[in-house]
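Look for chain A in each of the two complexes below; its partner is chain B in the first and chain C in the second.
So, the complex of A and B:
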């Protein structure tokens, strides 16, 4: 059995990617399971989805703690302590990272010992679909790594997407992008021992029943969410060019997260530690002071 | 879009209300931030933008009673974006929680155990699922008892936190997880949106308002006015929701403006039953402009145009404004 775990951000398409992979496997004659990790559904927040593929009926249920393959659809998740996408990845397993880095660079930067494949899926998404939604693209690379057929991938993308979108052109673009990704990587061979013998001890712990004042969480702090640094949610960042800025304060009034601050001279600027990159400010600025720059590339330029 | 200029004027055209200092433009919005960044709310959340302005108007001497929904996740152990106190309740009973807190504060003040200067405003914060459906009964009771509280409903027109299911606030013909357009119901949601403003109005509370994240001046002035009244005060914020409504994260504010400019969302207030529309578009845009940019209405345009459904929506809007003799 192959156990594949997708990590992305809400809205990027991890759930649909896992479904494309599961559907393609099913069409190739395997047993398959795909499911998102249920939680509050939130755009930009870390999300995970999983696919199991096997020649025999699958009796396993629930989350995949020890995947053979991990697909990291958003590079910034690798440094997110609350996500840890590589946790449990089996030795000899494969990780695919959506990045502009080469595999060697990615291994060095993120200190990864497993086998690494890299592909700039975001760029392919932007070029071929015109938007950074990576569901079918990530499904495509995963299908290749697992060794599924191109025909089944194509049919799976058709099937899964026709249930959620009505735009035929967009659907065709997705098929093309998925196949492009399928053929863009050189898959590594998964080097696993086939039988897992060492059964782990149960991780279920039982907690004593406590009265509410002990068992319900109480937060004795104020205003500490900025510590969470949601800035790594961004695909694009708002970029400032102050020549035309009239200090009208419209951007400040429009930011849902209150991430536009005002300096001593009355000029607004972005709190990049927390700006989620919704880009409302870019569209609202009446003077073109604000533009957008793709996040990963922006980092490369500035080193 | 040329909507930016409009916010300078919104709410600025009314006369000065008895002694209430109104702000005239967005430059008058209080600079203090009472909801800090770093929350788990989606990028581009329209409800969060509305809440940010509500909290600027309310200040820090408040206690929020929050029924389960997207915004209970703003405060997740061990983090909170708020500078004020906050309490989590089940979906049906935030107004009951508010009653308990109000009573406790009153008793403590009466017994001399709390300085009246340290009194707090009690603010219920819920989504539409709670406000329009699940907590109607406890809300009705609280209004009837003339509980002194604010009720803010961020209305994203669905049960958002659980992945967008139909609620009593979902508009006719919207696609949600539980109203998928299909062979039997090609229009998606069959029922029309409940009128929460009217439901509250029938209880005769002192203050009712609808607000929009795209009209912060109007929003803040409404809070300033409401502050003068003792008793239940309602604020319903139409809150564009990128994942739920199928829009880009950058489009929230533009869509909130379109909702007002097409007449879909009437900005109004009622002081002791005296209704006044606070922002009336000079010329109403066709409702289609609002619908066609949202994924949740895409099935009304493709693969075939659903003329009957589109007409029904436009007629509903026309009927509302005709009834109030404001359709020019």
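So, the complex of A and C:
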């Protein structure tokens, strides 16, 4: 069985990617199962999705704890302490990262020991679809890694997307982009090493009683919200050209997250630690002071 | 002389409750009318707020309780169901809200008279449940309920249940305790885990994902509810010392030497006791066990009371459609592992307040006697008489179904 886990951000298409892969595997005659897990639905929040592909009936459910393959659709998640996309990855397994880095750079920057394949899927999405939605593209690379057929991938994209979009041209572009990604990578061979069977067994305990002071679902700790920065959710960042700015403050009023502040000279500026990149400010600005610049989250490796 | 509703109001007044959000419904409304009258006259000092629905009412009551106020509310039947979502929520907040339910059968068809499908629908919510037979017991149980719910080993909300009409509108003598004596028994509520202080902010009722935290919180509620069994005994003893009336988790009536036992709850138990008297006159060793505490379920007390008896007939004034009597199922599961478990018979009776006549009780007791001889409990039986069937025929005729 191949167990593939996708990690992305809400709106990026991790869930649909897992469906494209599951459908393609089904069409190739395998047993398949796909499953998303996410919290309160909002764009930008981490999402994980799992696809299982097997020649035998699948006797598993839920999130894949020990994947053979991990598809990282947003590389900022690699440094997210709550997501931990590589957790449980089997020795000898494969990680595909959506990044501008080369595999060697990615391995060095993110300290990955598993096999790494890299592809700048975001750029492909922007070039071929005109938007950073990566569902069919990530599905395409995953289909290649597990060795599914091109025909089934094409039919899977057609089937999955026709349930959620009506724009025929966009659907065709997705088919083309998925096939492009399918052929853009050189798949590594999955060489799973023997898994350590001396893993510590879990013991069932008797839960001790704790008074309501502890065991009611209340939070007494204060001031932890600012620790959760959301700036790495951006695909595009708002960029400022102060020569055109009239200090009208419309951007300040329209920012849904209070991420536009005003400096000593009365000019607005972005709190990039928390700005999620919704670009409402860019749309609202009457003087074209604000433009958008694509984020490159990958930090250049020096030396 | 007080009605069950007036007795409930007296309990609330003596408990010196801070906050009472309400919404009217028959047959509960008299409770809130009585409280409103006292607050309006100035003899009672509470904040009384009329709400737009039972859902809002329960939200307000639970929230007030979560700020450290002593809160009370009351409803019945359809109203309870309308607020049902909030029962689970409020119980999860671990706040000691005391709530009266005046039992009334559930629609459809709509009715006003009692059975217990309303309050028993809430048996899995985390609310504790005390069920009352007399008006005196209603007043006393509200005082005991606050003590039990506010105990740090428990901290769960609680229902005090009384039957609509048969208790809510029935007047009988009630002794109203002295407020100073009540203050001794029931001191001020001072929570450590639920409060409203600007200097000490807290977030109540966090969201959790993944099941790990959810399982912890839910099972802690179960353990707190289990703790309530021992705490109840302490509260019961103290109440008896202070007020001279004993209310154990179960009440036995001629139970100790009985061979044949009726199990009942709430106001119809009085009719069962009369039937026990009649059976004793016939020379049969009959007795009655009245379940008073339904959540937590008094498993140990129940087992001790009925093991070794020849036969036990559970009279369920409720019906789990597709299964049968709810209490019969619960009692059967308690007794499954007992070596000397009695024959356990199941009867459905008193739905929508239908009377249980002496003839029907005699039928039940005879079934126990023959069942014990033949070791056959038979199948569950609805108590419905030939005259009632004839009357139903007349009603069907009027409805054009002749």
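The rule is simple: the second predicted complex is superposed on the first by the 267 of 303 C-alpha atoms of A that agree within 3 Å, B and C clash if a C-alpha of one lies under 4 Å from a C-alpha of the other, contacts with A are read in each partner's own complex, and residues count from 1 in each chain.
One rule holds for everything that comes next: a contact is a pair of C-beta atoms (placed from the backbone, for glycine too) under 8 Å apart; a residue touches a chain by one contact, two chains touch by 3 or more.
These figures come from a predicted structure and were not determined experimentally.
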Let me test your reading of the model: by the given contact rule, A:263 touches which partner, first (chain B), second (chain C), both or neither? neither
Going by the contact rule set out at the top, does A:229 touch chain B (first), chain C (second), both, or neither? first
Thinking of the overlay built on chain A, is A:219 touched by chain B (first), by chain C (second), by both, or by neither? both
For A:186, is the partner it touches chain B (first), chain C (second), both, or none of the two (neither)? neither
Contacts of A:207 with chain B and chain C, given as first, second, both or neither: second
Which one hits more chain A residues, chain B or chain C? B
What residues on chain A does chain C touch that chain B touches too? 40, 217, 219, 222
Interface with chain A, chain B side, in the complex: residues 4, 7, 26-27, 29, 31, 33, 35-46, 48-49, 52-53, 70, 73-75, 77-84, 161-164, 213, 216, 242-243, 249-254, 298-299, 302-303
Note which residues of chain C are touching chain A in the complex, please. 92-94, 152-153, 155, 192-194, 200-209, 213, 216-217, 219-220, 223-224, 227
Residues on chain A engaged by chain C in the complex (per definition of touch): 39-40, 207, 209-220, 222
Along chain A, where are the residues that touch chain B in the complex? 10-11, 40-45, 166-167, 217, 219, 221-230, 233, 248-250, 252-259, 262, 271, 274-280, 282-284, 286
